[in-house]
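By written order: A, B, C and D. Residues from 1 in each chain.
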Amino acid sequence: MNFEYASKSKELQAKLRAFIQEHIVPVEAEYIAFQQNPENLWKRWEGMEKLKKKAKQAGLWNLFLPKDYGDLSPGLTNLEYAPLAEIMGEKIWISEVFNCSAPDTGNMEVLAKYGSEPQKEKWLKPLMNGEIRSAFLMTEPEVASSDATNIETSIVLEGDAYVINGRKWWSSGGMDSHCKFAIVMGKTDFNAPRHQQQSMVIVPMDTEGLRIIRPLSVLGYYDSPEGHAEIQMTNVRVPKENLILGEGRGFEIAQGRLGPGRIHHCMRAVGLAARCYELMIQRSLERETFGKKLFQHGGCQEMIADSKADLESARLLTLSCASAIDSIGPHKARDLIAMIKYAVPNLAIRVIDRAVQVHGGAGVCSDFILARALASMRTLRIADGPDAVHKRTVARIEVNKSYRHSKL
Amino acid sequence: MNFEYASKSKELQAKLRAFIQEHIVPVEAEYIAFQQNPENLWKRWEGMEKLKKKAKQAGLWNLFLPKDYGDLSPGLTNLEYAPLAEIMGEKIWISEVFNCSAPDTGNMEVLAKYGSEPQKEKWLKPLMNGEIRSAFLMTEPEVASSDATNIETSIVLEGDAYVINGRKWWSSGGMDSHCKFAIVMGKTDFNAPRHQQQSMVIVPMDTEGLRIIRPLSVLGYYDSPEGHAEIQMTNVRVPKENLILGEGRGFEIAQGRLGPGRIHHCMRAVGLAARCYELMIQRSLERETFGKKLFQHGGCQEMIADSKADLESARLLTLSCASAIDSIGPHKARDLIAMIKYAVPNLAIRVIDRAVQVHGGAGVCSDFILARALASMRTLRIADGPDAVHKRTVARIEVNKSYRHSKL
Amino acid sequence: MNFEYASKSKELQAKLRAFIQEHIVPVEAEYIAFQQNPENLWKRWEGMEKLKKKAKQAGLWNLFLPKDYGDLSPGLTNLEYAPLAEIMGEKIWISEVFNCSAPDTGNMEVLAKYGSEPQKEKWLKPLMNGEIRSAFLMTEPEVASSDATNIETSIVLEGDAYVINGRKWWSSGGMDSHCKFAIVMGKTDFNAPRHQQQSMVIVPMDTEGLRIIRPLSVLGYYDSPEGHAEIQMTNVRVPKENLILGEGRGFEIAQGRLGPGRIHHCMRAVGLAARCYELMIQRSLERETFGKKLFQHGGCQEMIADSKADLESARLLTLSCASAIDSIGPHKARDLIAMIKYAVPNLAIRVIDRAVQVHGGAGVCSDFILARALASMRTLRIADGPDAVHKRTVARIEVNKSYRHSKL
Amino acid sequence: MNFEYASKSKELQAKLRAFIQEHIVPVEAEYIAFQQNPENLWKRWEGMEKLKKKAKQAGLWNLFLPKDYGDLSPGLTNLEYAPLAEIMGEKIWISEVFNCSAPDTGNMEVLAKYGSEPQKEKWLKPLMNGEIRSAFLMTEPEVASSDATNIETSIVLEGDAYVINGRKWWSSGGMDSHCKFAIVMGKTDFNAPRHQQQSMVIVPMDTEGLRIIRPLSVLGYYDSPEGHAEIQMTNVRVPKENLILGEGRGFEIAQGRLGPGRIHHCMRAVGLAARCYELMIQRSLERETFGKKLFQHGGCQEMIADSKADLESARLLTLSCASAIDSIGPHKARDLIAMIKYAVPNLAIRVIDRAVQVHGGAGVCSDFILARALASMRTLRIADGPDAVHKRTVARIEVNKSYRHSKL
């Protein structure tokens, strides 16, 4: 056991931090002004493509894809990637610079793992090159999608095509003009056993019958330019070759996809909370009430100290989970993945919420990252499965362990 | 002691509910569509003036102003007003219909209590008639305004005029085209004893030198059309008759103003939480996961039960504080006012946050009132004084009580 | 609605406080020394009978029994009794002085409500006179008794007698030498519908076959002299006249008994928390760290302020529930009774736990009431039904209300 | 970074577990029966010395003393010791078997680090051999000892002797008949700078003038046979050679002593919480309410899942702190030591409290370790410095880091 980052990992962190300092910090104000201007809603900031190019040249590209994927991967383990994702997470918007943003990372992992060669050629390659972006269409407005067996979009084979009908929402990234395809989850067989009804299929965004209904806001934020789309699919036809892996294997793919996606969320959440923690301390040094700096007030000290412990817990839980995925694989580590999915956002919320409070009015407006961070983390308690579902998973696995153990 | 509303109070509640059912519910969808459309940012919805006219005719007007104000007041006590404010609070936007919205209520109370006859004639009258709206300029971006002695805007007498220089923010209502004047707090004497440096002065919004810098968002919401403005005042000149009460009496007025303002916030907070609680239960009846309705899951049952207790606590604390203000006055009840100012928003947040969670994705977007309610309540932990300041007040009063008692 | 105690209620409170000041405070140190001396375990303190005599003479006797019981009752409503029970609750041990202690109060109410005339003559009369004490035998060690249908003690009619077999525990008061009878819950018909299997029967403690196995401790306290007993009943025979109300009516009686019992617990809990709150403030005035009195530290101020709000919530919830029982009866108010049963102990724990923390080491030892108060309140989250059961009850009632409402 | 225990560490864990299984488990019931019998209060259980002998033979002895101490130490790092202390902590009473119990471990470290050769020969040697036990006298009843500068016991040099006067309490271990000496903190110079007034001196327990006033209970438990003593010292004379390190160096020693002592507490706390967590799961498998096993209820599942995350956080925080002490030393790691001192007991309390709740009545009595675990962990939020003091320390260090950083 050892809590120091390996030197390779430290070097990568330094390299990433240097890149951000050199290339991103100087244009950050420009980006933020662009992004916060209501007139630019759903427009992409021009600077992004330049930054992506530089990141690719610097070798800071696709770092998320674990070394198990051979040539496709830059060769990092999950544990090596974790602190890098954390650094990217400190600023909500920069994962894209390194082609490491959701939902693309999950989609790339799906295609790399389960995609056919033609699918890889056509969709994975441009995605890994950062030429296009993608969406993942799972959640539906009409059913409680936290139980994924409820999902009701139909995917019916007619001749050489799958015909898709259904309504999806919370299709993150779906508003982005660069978004070129979606992976859609739906039922190919309504009469199969519960976990074999679902399949996943690739749907180009410009397919006839696919219509974006509206963007959804999260606590008032549209998260432009990616956004969160509500999408109607009416008789959407795609070639049958667009099916991933096989009919009825949607749950299998979902398990493979969601594990990495969830830990990536947690890594970034730790970075975001860490940034808010720094802001809290800084503000407590600057402002004064009742004759004392904020940090000299006992209540503020407790906020700092509690946040430090919450932040360290969140980080250690996430890192230990990444390490477990590396050593025993995502399936055996699924209890840890589920555990951090509820534990980390809740810890992050506690840290960020205190940072908001210490900032007063400045904490809830757009002058700092704090308010958007709070909105984002609050949403993460729901996205990719609400707390209750992951707690249920953990409890069931834990009870089973104990049950098996008690029978020996 | 008696926990039943008096029959007069019940009748008023029924009357208000009937009015809402008859006049507001039928146009609510129209209002919401207008308000959520980004194109209508900072525009006023036409229907509002019609609704105001009907409310005035129905006698549901200025209900907030306690009967101590004689002819100006419709004659209710704080305890009678509380359940009415709660009902208005269920829908975030309708207090204005009844001329009962912040910050106007506080400003009307200031002018009614401390204003000169000409001030009443010129500013209070149209405000009470709902012809104009107003703002309250206290908080400043450059200092921790939770300690109001930090406020640094200068108000200097030059000849017949006060000349005002300073930057304010969180001027709620300041973006509204109906907003015609602001009450501004600032220092007339930087060398006076700490609590006699500040004064309040009436400033018409169209005065030269007063410039709206930008609207502030709260967790992504602009709260159009009222908004929260950042405002620069550079050599703003107003006639010296615009001074309220006298130089150096700003704190005295603030105390008189903020007490009622705070309890009104709490009353509406209870209503908002109550509405979200109802939505939570309703959703738990409609949706199903893992073969059971949500309400049949133990975790959901705990959320409902905990919320019921939190909601009842928030309501009873607020009502008992209103009752105390009626019987012993706001000054003697200032410990209770301070107490509910931190207790009630925190209780409301707990209820609303659970309601959000039960709704899943629907909870964070704009399909329900939930997300905006959460943003609004989170902000209320900061607005009109952050939790820490009110807790400090309560602790000091409690300790003093005990200290005096222990010396007897 | 009105939050002032009625003058009759205030007079009674003053009378009770005066009695305590005059008769109890002077002997309190003596009682505590006796009670804390390990040599006196399971002995009764001599002074108790003298105090009881004085209380009876002063008319401060059996105050708990509501006026619905006619001549048996001293004539108070639940709302009038609440602040009196609160005052008694400030000191853990003095309810007995006024013949108002659990489980006797519940047992008296059962016998007054459901007892036959001979049962009243034989058991209720001496209990109401304070000549004897009693126990209530419901919970069993072998089953999760929070679901009372699990209870498995058998009560079988053989000729003129009921024969009882089973093991009970948490028989509070069962260790007291004055305890002369127990009301026992058990199954008279294992095949009846689920809620008609149980009956209640009166069992004299000296009946052959009834054996006290051991006293149970709660977080280290034995609560002598009453104690909490584990009791084995083997072929215990009692005359069939000892059956209360009728076979299969155990649940009906339990509902009637437990409501009042639960609100009495909550009333006393409020008093205990109030006392600990006072101690916290007093300690914060006396002790000094880092150059400041404790109450001058921001963290301590937050503890005081949060506790004030928690305490007021607990009190208002309890009083409003008492008022509801008076006006609509315990059955219709069962949602409120269930609600305060989880809400109030949890609020009290928060207050007491902070008071412990402010006292440091003195908070966990026996120098103050704090540690025992914490143990007692922690246990109350389990006694008379754990939180989970009452939350389930509240959620089900709330959902049903909403369901019925939504169908109209 | 690596979250697997090293193989040496795993072997030691297996060895320790095997020892416990072979030698302790078979006599555990006997020990518990002895310890819980009120007649055995302050008696030592005979079996202890036999177990100690076996542990010493097995080389499971003094494992706590880090390898920096050369020949005195069995050669483990803090990180290697941590999981062993955790295993010992699972059962509250067995650390003594391995000569690893507080306050002896801290005292041994003091003498090993700061003791003179004669002090080592006379006191450290028998302590490390397990022939005697010891106490640490710091906290005083008359002052808030969380600010150690408040301590007022006087240590005055008179000729060849130090004369000690003062009252101490919470002298853990002081009731044990094996306790042969105490390390006493007090003031040798009341006029020196604040942190140079205090010194530490060795006082044999049988010195004239040292009198045990009474044992203190923690939430009802006496923790026999060690106990927590209140001790009066009146003109207690010890040879001046008994002074440790030098006059005025008490704070320096305290810093060196308390760091290790605090992390040992946390390691054992993790073990205790882990044990309670196992019990919670087991109970949830055995008991049934409302037609379902407890673990099938959603509320219980949430308790399990939350506890899993809390437990893992507590463990990782503790292990990472141990690792930091190994690599950068206790002084540089003092922020982490302070952090775990408040974070870990609070996390442990949450786990244990839920386990208590799942057990119902069985959770608060002595049938399981749960109630005593709760009492013990609640006390740990106060012992060795209350939460507030450690939070203050962490906040000040964090703010300083940031301040220095912001000046670069």
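Some points to look at:
By definition in this document, contacts are C-beta pairs under 8 Å (C-beta built on N, C-alpha and C of every residue); 3 or more make two chains touch, one makes a residue touch a chain.
Only a predicted model underlies this, so the values are computations on that prediction, with no experimental measurement involved.
Distances between chain centres, each the mean of the C-alpha atoms, put A farthest from chain C. Counting C-beta pairs in contact across A-C and across B-C gives the higher total for B-C. For the pair chain B and chain C, the distance between C-alpha centroids works out to 42 Å. Centroid to centroid, with C-alpha atoms defining each point, chain A and chain B lie 37 Å apart. Look at where the CA atoms of chain A average out and do the same for chain C: the two points lie 51 Å apart. Contact of a single residue of chain B with at least two other chains is seen at positions 297-302, 388, 391-392.
Here chain C touches chain D in the complex through residues 38, 41, 139, 141, 143-147, 150, 169-170, 216-221, 228, 287-290, 294, 297, 299-300, 353, 356-357, 360-366, 371-372, 374-375, 378-379, 381-383, 386-389, 391-392, going by the rule given at the top. Listed in rising order, the residues of chain D touching chain A in the complex are 1-6, 9, 79, 278, 281-282, 284-285, 295, 298, 300-302, 304-306, 308-309, 312-313, 316-317, 319-320, 323-324, 327, 339, 342-343, 388, 390-392, 394-396, 398-399, 402-403, 406. Chain D contributes residues 297-302 to its touches with chain B in the complex.
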